Amino acid sequence: MKLRYGMVGGGEGAFIGAVHRTAAAIAGNWELTAGAFSASPDKARRSAAAIGVARGYDSWEEMLAREAALPADTRIQAVAIVTPNFLHAPVAIAAMEAGFDVICDKPVAESLEAARAIADAARRTGRRIAITHTYTGYPLVKQARDLVAGAGAVRRVMVKYTQDWLSRAADLEGNKQAAWRTDPKRSGEGGATGDIGTHAFNLVEFITGRRVKSLCAELGALPGRTLDDDASALLRLEGGAKGMLACSQVCVGDANDLQISVYCDELGLHWRQEQPNTLRVGRRDRPEELWHAGSNRAYLAADIRAIQRTPGGHPEGYLEAFANIYQAFGAELLTGKAADGAPGYATMDDAIACMKFIHAAKQSSDAGAVWVDLDTL
Amino acid sequence: MKLRYGMVGGGEGAFIGAVHRTAAAIAGNWELTAGAFSASPDKARRSAAAIGVARGYDSWEEMLAREAALPADTRIQAVAIVTPNFLHAPVAIAAMEAGFDVICDKPVAESLEAARAIADAARRTGRRIAITHTYTGYPLVKQARDLVAGAGAVRRVMVKYTQDWLSRAADLEGNKQAAWRTDPKRSGEGGATGDIGTHAFNLVEFITGRRVKSLCAELGALPGRTLDDDASALLRLEGGAKGMLACSQVCVGDANDLQISVYCDELGLHWRQEQPNTLRVGRRDRPEELWHAGSNRAYLAADIRAIQRTPGGHPEGYLEAFANIYQAFGAELLTGKAADGAPGYATMDDAIACMKFIHAAKQSSDAGAVWVDLDTL
Amino acid sequence: MKLRYGMVGGGEGAFIGAVHRTAAAIAGNWELTAGAFSASPDKARRSAAAIGVARGYDSWEEMLAREAALPADTRIQAVAIVTPNFLHAPVAIAAMEAGFDVICDKPVAESLEAARAIADAARRTGRRIAITHTYTGYPLVKQARDLVAGAGAVRRVMVKYTQDWLSRAADLEGNKQAAWRTDPKRSGEGGATGDIGTHAFNLVEFITGRRVKSLCAELGALPGRTLDDDASALLRLEGGAKGMLACSQVCVGDANDLQISVYCDELGLHWRQEQPNTLRVGRRDRPEELWHAGSNRAYLAADIRAIQRTPGGHPEGYLEAFANIYQAFGAELLTGKAADGAPGYATMDDAIACMKFIHAAKQSSDAGAVWVDLDTL
Amino acid sequence: MKLRYGMVGGGEGAFIGAVHRTAAAIAGNWELTAGAFSASPDKARRSAAAIGVARGYDSWEEMLAREAALPADTRIQAVAIVTPNFLHAPVAIAAMEAGFDVICDKPVAESLEAARAIADAARRTGRRIAITHTYTGYPLVKQARDLVAGAGAVRRVMVKYTQDWLSRAADLEGNKQAAWRTDPKRSGEGGATGDIGTHAFNLVEFITGRRVKSLCAELGALPGRTLDDDASALLRLEGGAKGMLACSQVCVGDANDLQISVYCDELGLHWRQEQPNTLRVGRRDRPEELWHAGSNRAYLAADIRAIQRTPGGHPEGYLEAFANIYQAFGAELLTGKAADGAPGYATMDDAIACMKFIHAAKQSSDAGAVWVDLDTL
């Protein structure tokens, strides 16, 4: 049995909507049944036809209202939100109030306040919500977390996430993706920090199992830009680990270069998103190890083997990582019970930590790169 | 609009069936509508339920007969064959005779004769057939072919495809995948040569655009095995290029290590399936180049950009490569016309060349590793 | 003709002395003629015999005095200083005052004051001095500098230098190398910052051609240690570039992992010391490039080809990089004139910048990781 | 104490002579005392002056005669031969007859007969001779041999050695290195097979500890060339292992790309000369291992640690590998006794096996690529 879902956003000219739909198709336990694919009714209709969804609506409000009125075995069960950031909160809250569970792209909202409003709505309505921090869907990222958990104290974390698609001043012109991401009204207060820094930040917290307590950040932007397109930060984590985070969309030559190194008492590990099927693990006085992905790799944890679709040497990638998030959340919604251990998706707590990161980074940088405590936000 | 298809094989305990289904789901232009998922009616029914296919049949004969009797807008339009090799020919021929197009796993049949019978049936019935030589579905493999086409004479090709899943004598016990692949009755005369050597061989012909004319091969097997599990071959290609091919399922430590190097007058290029999103290109007196995959990479050919789902740095993998084959063949079937240029899948000519490889390799090895001309087969 | 030199330090149990001697032998224009290889006369004599140096002295004071008294065509012409840091300044100053040129290991001294005293002595005596910041001796590091010089503004620099040889509390026991490096009296105020952070810092300034203006640093150490063994810093460079620097000797699994990335308006480049013969260069919308070392690589600058001993594909390493420093300084001393362009070694200005880095990092960290301006030191 | 040696060849315009001299300098136990650096007396004298050798002779005959007449504590003890191949045998034989030990570049001679004459001379005179098969001097190549020795039967070996410096027809013009290497009178019957194929062949025998028994080879050359510039071969080894060997000097984009993979019952290992400080080791159902070079790597065999000059992460390269051969042979000559275990250099037995390879490869190819048994040569 598949979970029926409706999508908000993701029509013509969008990028991440198609990714969500393909991820859901790979997951295999979701079925796209309805959609309000654009804020423009015309585009919404054309998109529904192109995508092949019968129940295409002119607006998300219409979708929520009309779907809620359908019989229980027909109407959608969940809503996937793939709009620009500023619409996440109103849609998510309305969807939950209308009785639907929610899966939402990151960052969860355009501001910390909006994120908290979503969390309140979830508590109030009892609905579930998952945030698609894609990179934690990779099997070897989960394996990294397992390895760190058994490796003593975390000492040092270094994460970078660099791209070059905004590296020229002219990159904002005529690019729908760039337009909303660099517009504070639609994106929120974070530029690169919100768009990709949150992924890097979330990855740090996910793999270490520790929250970042405070940071000292310096943001920058090419002339003429309102939001940051480049950021550096020092981090202090729970338990005493130190960290460094860089995110930038103006690093020439880099496509989607998310890399993380975590050093613990007993080992150091290294993962690079562009080569996601290999995890490098170093130990003192021993040959370095390359842990490879694959459903049949006996040395991987059983639950990590189980989320892979192919045996070793058959590379899975970004879409499969994304699918793992859909699959985990879908299974939870279909069965009504959470998996053992950590959920296979980012929770509202994770998402709010990311919003604090965006806010603290800006606050820190505006004050000349001073330390800001995330607990005070 | 999606192409309705029925699957033969791919039920409980199978590997490649699920890969085909996921690939079709990613492709987006196929819809699994029917299936005869096992030779055992019980398993077939259980599998249909588990997969969520309403029109599950007890046998492929039943499926062909009953689907053919359905209205044109309801019945399946194509059949996907994912059985052990010896069933490919009877199913494919019957399917085409019943009016269905066919997509079939490789090698196309258990023998050269059976392959030729399929080709005859295709000519006779006018139906189309695609063989899923997965690795030619990778975007950078296509880019490699484009680069080679403009690089002068091909001088040397080196390809290896090594695995270790049969590296222990005991690996044949209790392993359904191993059982049929090492049984001449179900697999045909090729062991590793048929299962993976054909992929390597096809990749050579695909990237170079040249057929292999003759070979000198030496096959081996662990004690007690009937079919080869290891092979080495020298190749001579049309146009004078020399080649070397190795395939083995007893190479300890290797998962699915398909690597190819092609040297031409103007460049040398190198691709490794386990890192499929990078193509290394060397030229005389110039920095080496790494060509990266991505739908937005301006330096890739337009038709190669078009088959990718994500921009640079978001890795696609094996399932997406497989999906590209489904997508191309599906588009051809839905529109009734082939794409410009080379088809996006292996044709019967390609598949028959692979069958000649299997046969010639065995013939050569049996005679003490002497040269065999493929044209004479 | 070779330059006769005497060595101070580098006897039994030492590490870097043998490196200097081998580097000088590879350079080919130096001849080890004298030495005071240990502070202990016994060890000094035993070491001279083992090394095969006829004019072994009991102390560096004796060496300077007696060599100065020899005929001009016999006595040493330069002194190589490979002692623990605190002896650099007294030896260097006395050597220059005795009429000898000096080549000295890094960091140039145990304190900024001592470094300035060396610089004063050089100015006063007119002698020349080179500091062996090894990593700038690598051909591709020089090529990186050339590429950056023509690539527009520098935007971002990220450098890390991580090791694990002090990663356990017990690593200080019974290890001569560890003992002096972690003793403020002999090492100075920097631990990891002085031992390896200075290399990372110097590499940033060398490749970018820009000085670091200010930094915000956080140092750490395992319990019971006086000097830092781990540091993170944000950097601000002349011209507006932002930087991040990490150095650590407690990063488990890392041997000598110095990596640098520099992003400019026109390109990004990446170099890793453990794979020193490849420089990765990324440009917008073009295949990534791998620049390879080799005396015959036509695409490398002529002066960079000239310092290599072997053609492409014959890897040179750490000792050859070190030899390049000896060779450049030796040629300058033998001919009496500097090469065109930048010197092939670190100057006192470079070395003093490194000393400011050590001092500023500690000052910043002691104050809670606040910004410190290096110009004020 | 150092071993005094004289060099034959290696003057102006030569390549490998300088490599030998630098290797000897790094080794530290050799001292270049005499030389006949060219067949042209003028060049010989100029080269001696440039190199800084006092006892420069006009011819090798003169050097042998006059050195032999010097007092025992003054005259050279060994001769290093770095001439084109056809001179190896006359010089080596004369040198041994004059009472000198010999270190000789590879291939040991221009023909199998000449090689046997050298071996006869060594037996007759009781002198020692080492052949510089450089690549076996790499520490991790020795470690590979150790690992293979404990890994059960060898199953498969794959080696390639590819370059591109002769990839254009015009490459023979005006290139001294190319001129003699492609001239049968000076090089012998092997082109690429002799120049680099012998390295690949020797590496196979060294790492596996097994001789090649027979081969089937196909040679090729660009139009207008007398000697092969490209070769492919199937190999059969003692003990049943199968092998493949490729060597070529017309593979565009490759500099000095020697790679070897050896698969045994218990593991597979992979080494690439251009990245010589890493050895990749795969085992069934375990993370892949990267063994790294370094004098302090506890997991390396003690005798392998001992031949390295720097700790982990400080890359050594081609010259250091070469130096290891000089160092081992020098120590043997100075002490008069061989090291325990395998010698640290290629012996005449190894060298004769290489000569058989050249001869058999040509014989096989001339007959249409048929099998040739090396024992019959």
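Should a chain be cited, it is by its letter among A, B, C and D, assigned in written order, with residues numbered from 1 in that chain.
Just so we're on the same page, contacts are C-beta pairs under 8 Å (C-beta built on N, C-alpha and C of every residue); 3 or more make two chains touch, one makes a residue touch a chain.
From a predicted model like this one, the values you see are computed outputs, not experimental measurements.
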item	value
Chain whose average C-alpha position is farthest from chain C's own	B
Chain pair with more C-beta contacts, B-D versus B-C	B-D
Rounded Å distance between chain B and chain C, as computed from the means of their C-alpha atoms	55
Distance between chain centroids, defined by C-alpha means - chain A, chain B (Å)	35
Distance between the centres, which are taken as Cα means, of chain D and chain B, whole angstrom	43
In chain D, residues with contacts to at least two other chains	254, 281, 288, 292
Chain D contact footprint on chain B (complex, rising order)	155-156, 158, 160, 162, 164, 167-168, 216, 218, 220, 230, 232, 234, 242-244, 246, 248, 250-254, 263-269, 281-284, 288, 368-371
Residues on chain D engaged by chain A in the complex (per definition of touch)	281, 285-292, 297-299
Contact set on chain A toward chain B in their complex	1-2, 15, 18-19, 22, 25-26, 28, 52, 163, 165, 254-257, 273-277, 292, 294, 296, 309-320
